[in-house]
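Written below as structure tokens is the structure these notes are about.
In this document, chain identifiers A, B, C and D correspond to the written order of the chains, with residue numbering beginning at 1 in each.
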């Protein structure tokens, strides 16, 4: 019996001796495997505002508009809408956009639809759902991060206030069905539902960037039934964990802490109605000149309905080293390059021979993003209330931060040192612009610091080194080392900067509550327009006033005025001049220490088809395809377990022990 | 550590040294303890020497003052305002490189730029260019602080509570026993975490939290042994003769507990240091500890070619101390108490 | 016997109340809601933000004494929540704690139970082996290896195990977890190996001492004198008697199971209670942490009671009345 | 005469001492005939118990038997294979120990332990074993034997436990019983009962007994012959009457003087001054030389040989030899 058990255990050990983290049955399926560094905080499209979450919400919800997958510069194409609407000028400078929805597009199957019709598993996407989602964004109780973005829609703020007032006045009001509450608040006058399939958005002033927002999940139609049904009560899911959309995939499994599975949505309009030939639901037939040689215009795919994948699986992977190792083993399909392994993967800017032999592909791009250290301008020491003293302090601190060195130490030299918020590829970026405060100059920095009254870094009030706190959203030791780099640079000025690290979610909370002094953050463009970067410093969007994305709480009247003009201007000399002046203000005021624009090296395995690096956080899963047969073959080849050490260990132990046993037994005779 | 902090640390170290000296005198005076010490030395001379080396390093690293030393242009000005210990002063003030360099290398690990101090970093430098040997030596103080300072907090308290509970019994014992069973019913690490989270992070907090968790074990042993001692004939006889309780405890109970205290102290020590490593991983350990070094270095194993010296230095330092203490602990137990404790371990 | 269990359980309950009191003192009296808020939101947060946080998380009631509504206090609330297992929502992300606990229980048990069982079996077997060869070099080597393995930090075992077994040898997945029966074993193997390696030294050394001590007892000599073979002596006599200290040790080890799991789960990406703890610590999530301490203690007290009762199974001298 | 039940020849058993090893039993020879009771007497620490344990190769580690020969019922014990040795233990030769309290496993019922002894050597069912055990209990005069079968050792008194031990030892009617201080740990009244039981059983079953004791009273009750042991060697051997009545070796005489009831009237109760030397500190000559009241100069250097005094009566002493020679 014991022998049998031992045998069974041994056999099961042998069987378990594989590093494949997925069930063997999934080998033949077209599954795209992706790591997720933190469980998604929310998949509510009105609230979710981070790149990783958008990869999920972006394919679960179908948007009215989309970007062309291959064309650069980015081009809008219609999604659920039949065409990209044009601005219609109204009297008093108002502007209207009319969206016409495709008729007959369905949501994914979901039990929530029983709320509307007891026998229904799904229903049609209608114009009211677009209006409903916009009202949700305006709903103050949701605290949507983009609430201010749509403030130009007529009657937007008034709607918010009415809703809040109604809820305040009568606690029972908040218990009503959510769409009834919105109706009672009178809806948003600027969002007019015209019939079943048309919705018109009226803006009180021109805002050409508005259309870009309709490519993002924020504005995707959401069925009220789902919001009502998934309320977290009585064991039901929360809507933020249970998205219900009309996109190409739908969530079939949501284990917050371990995995999220998206299956192909059979109701997706691209699959159900291939005859529509909706441009956003078929693989494009044209692209940039370079796309065809790179196999992105393979005739096998061109014109075929999307998506190609059976499934997208996300695994929570908190540690990036195991994640990268799994990528190398073939268990993730794409990956950034781990800084630690850069030298092995990349040789003189190209894929190393070893990796190329493994059939890997390297895609490089400079992301439309900017990483920066920001000062909270509301702060009494580093902020604007400290006047000239604060400005000089910021200038001094900016002068010693060496982003090239940072990139060298921590990013294998990847990254373009940033001179202003605008990254390459965005209108207004000028490669020859040099920001005088972003050139390392210790002597000048010390002078400025002394001029600010902190000679040698000493705070005259305490007689000790000036104490500042550097608030960060990364508690890992790995992150700490990075931040320590900046702290060390500032300590050359004699400043005592303390790292106050919390996790990312908590950090966001801190930011939301204006409880920070110096922070480090990055911004990835939502859409390819300078407005999308320069608005990060627009006074009207200050975090402290409107919970806007201006985390530095920078407010400069001249800048704000220039911003408004720049925003509506057409790309051209006049706009460039405005941008230059704004840049000069930032150069002097230093609300930010611009660090770098990321240079993105993404690795793909050979079995992944149709990938194109998108700087914007576009959900790509729709276009990508997998060759599962090639993948299985490669994986098997790469992951032969090395068994001899086990044998050697056993043999070694035996060799050590057996003589002893033999002697012992002999002596016992 | 704040500017006042180093003064406090100096005072504590002076106190510790005095305590050690006092202890040495006591041991020297008592025949029994002297014999035990000699026996211990006979059994484990190497382990004892190793422990002594760690102790000396920690002591040297605890005596610090501000000032002295100059930094060159572009150097770390802040460092001049911070207290530096005797160990720190073994290294030049501006000894950092830019980033990684291998042990004794003369160029940087990546890029191959020449170092500022070629060939002088015995154990290389870490990602921020700090000398690994220096960082490692600094960790010694933390490790011994965790083990030693904690015990210093715990032993008197455990003796006080344990002896009074065991000796007087009744209500006192009921209360003490209840407190102990409450503390014992919370898994150690959770209790540690809860305490540190409630008190906030920092070296003192970590020591206190560790003290509370290890206090129970000490106290339980002391209480049990006091129970036994109280029932002994000569103690009962002394009590019958009207010797006061305090005197009895002082003369008959405490001296007979000391061997248990010593054994438990040595046996808990390694556990404390190892727990700190775990806390470091959780981000609530003490800055500059070996645990933190190990935690930082775990990424470096993924590098290609791998960077091993940081992890190796911290692990070796930790391993050496724990191993030596474990060996000493076994010997102490065998010498002082051949039986009683083994069953409870 | 039943009376004993009832009495023991009652005392366990009293202890649990003590734990709750301790938690209250720590998290409401010692660290006031204000302080918690400051740590969660940031040192430099303006007072109104702190107030808002406190109100949002329901910490704005009177602490112990409320003259108007005597039961509307934090103390009562704290006890009510714990004893009804309705822990409310986490301070960090607002998910219901009870739900997280329920989700985490499975993965935790999936790792803890095998690592406990295999750890026990493995170390007892190894200790029997070493004790059998006592006074030979096998024994001496065994003891030294034990002390060596005990002196290595768990962190290092994990890092080394992932590097060696996961990356270089490719025996098992480096990390991750999937509860599907077809793959769960391979995810658990590496953490199991690591937990065995890190825990076995101390246990073997302890059990070896027990076995050698028991093996030297008079009844063992009696058994030999009447013609028992070595194996029979070991299994029928030594092991039966050693069960008592083994059981005692088991209780000592149970909390370490939690400790070990905490690191293992977090390193290997197993979404159990250990990971939850790590997240709670890193996210300053006091509510979750309180719930975890409470649950941990509850489990531990339960284990203690179970152990005490099972003494009667292995030791006829133990009688409860 | 047929082969004796037990024949021990030049037995040497050693233990580690300091750097080397020292012989606790150092060249002991004696034999025991069928049905005979031989008492091995001496102070504690003289090697009696080690001799007893050596007989069944039960010397605890790190002790070991260095040389010599032990034949039980004609089989050489020291070269037996382990499995054969097992069949000798309990079946040919059984043992009872000094401490009935600890010599029974506390976690098994006493019945189970006796039954185990039976079933180890003879195939039988559990029920049969139980019947036989109960019968044995009856034989060793345990009251209410059937109920006692299921008792645990801690529920029995010391005397009863020793009876259980005796029952266990005699379960398979061995030809040799080694009784290592069977009564030392018991109350005086119980001692008498156990001795009586042993004597009765010995007569009934004809078992040869090697009785290890330091209590000359017990010896007087039970023994046919007596061997006196000192510091690992036999110093005097003879019949009960010879040794108790006509002891010649100064050590034996000292022992006898130390026993109140057997000491001569009117004399001061004497103790032998000094202690038994540790194995590592033994003198090279006569081992008793350091404590002997009548020692000669050569005693310290030359080990004494056998001096036959009467048939069956032997002493090892230079003084005795000298006297005899004179």
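Just so we're on the same page, a residue touches a chain if its C-beta (ideal position, glycine included) is under 8 Å from a C-beta of that chain, and two chains touch if they have at least 3 such contacts.
What you see is a predicted model; the values in this text were computed from it and never measured.
Touch-path distance (fewest steps) from subunit B to subunit D is 2. Farthest chain from subunit C (centres taken as the mean of C-alpha atoms): D. In this structure, the chain pairs A-C and C-D differ in their number of contacting C-beta pairs, and the larger number is found at A-C. Each chain gets one centre point, the mean of its Cα atoms, and the points for subunit A and subunit C are 37 Å apart.
Between the CA-based centres of subunit C and subunit D the separation comes to 53 Å, rounded to the whole angstrom. Rounded to a whole number, the gap between the C-alpha centres of subunit A and subunit D is 88 angstrom. Computed from the mean C-alpha positions, the centre of subunit B lies at a distance of 24 Å from the centre of subunit C. Shared interface positions of subunit A, i.e. residues touching 2 or more other chains, are given as 325, 475. Multi-chain contact residues, meaning those touching two or more other chains, occur in subunit D at positions 82. In subunit B, the positions touching at least two other chains are 283, 295, 298, 301-302. Across the complex, subunit B is touched by residues 11-12, 14-16, 18-19, 21-23, 26-27, 30-31, 35, 39, 147-148, 150-156, 159, 163, 167, 206, 209, 213, 245, 249, 254-256, 258-259, 262-263, 266, 277-278, 281-282, 284, 286, 289-290, 292-293, 296-297, 300-301, 304 of subunit C. Across the interface of their complex, subunit C is touched by residues 12-13, 15-25, 41, 232, 255-259, 315-319, 322, 325-326, 329, 331, 379, 469, 471, 475, 500, 502-503, 505-506, 509-510, 513-517, 639-643, 645-646, 656-657, 660-661, 663-664 of subunit A. Contact residues on subunit C toward subunit D in their complex (touch as defined above): 134-135, 216-219, 221-230, 236-237, 240-241, 243, 314-317. Across the complex, subunit B meets subunit A through its residues 3, 73-79, 81, 98-99, 110-111, 127-128, 283, 292, 295-296, 298-305. Across the interface of their complex, subunit B is touched by residues 321, 324-325, 338, 340-341, 343-344, 405, 408-410, 412, 442, 456-457, 464-465, 475, 477-478, 480-481, 484-485, 488, 491-496, 501 of subunit A.
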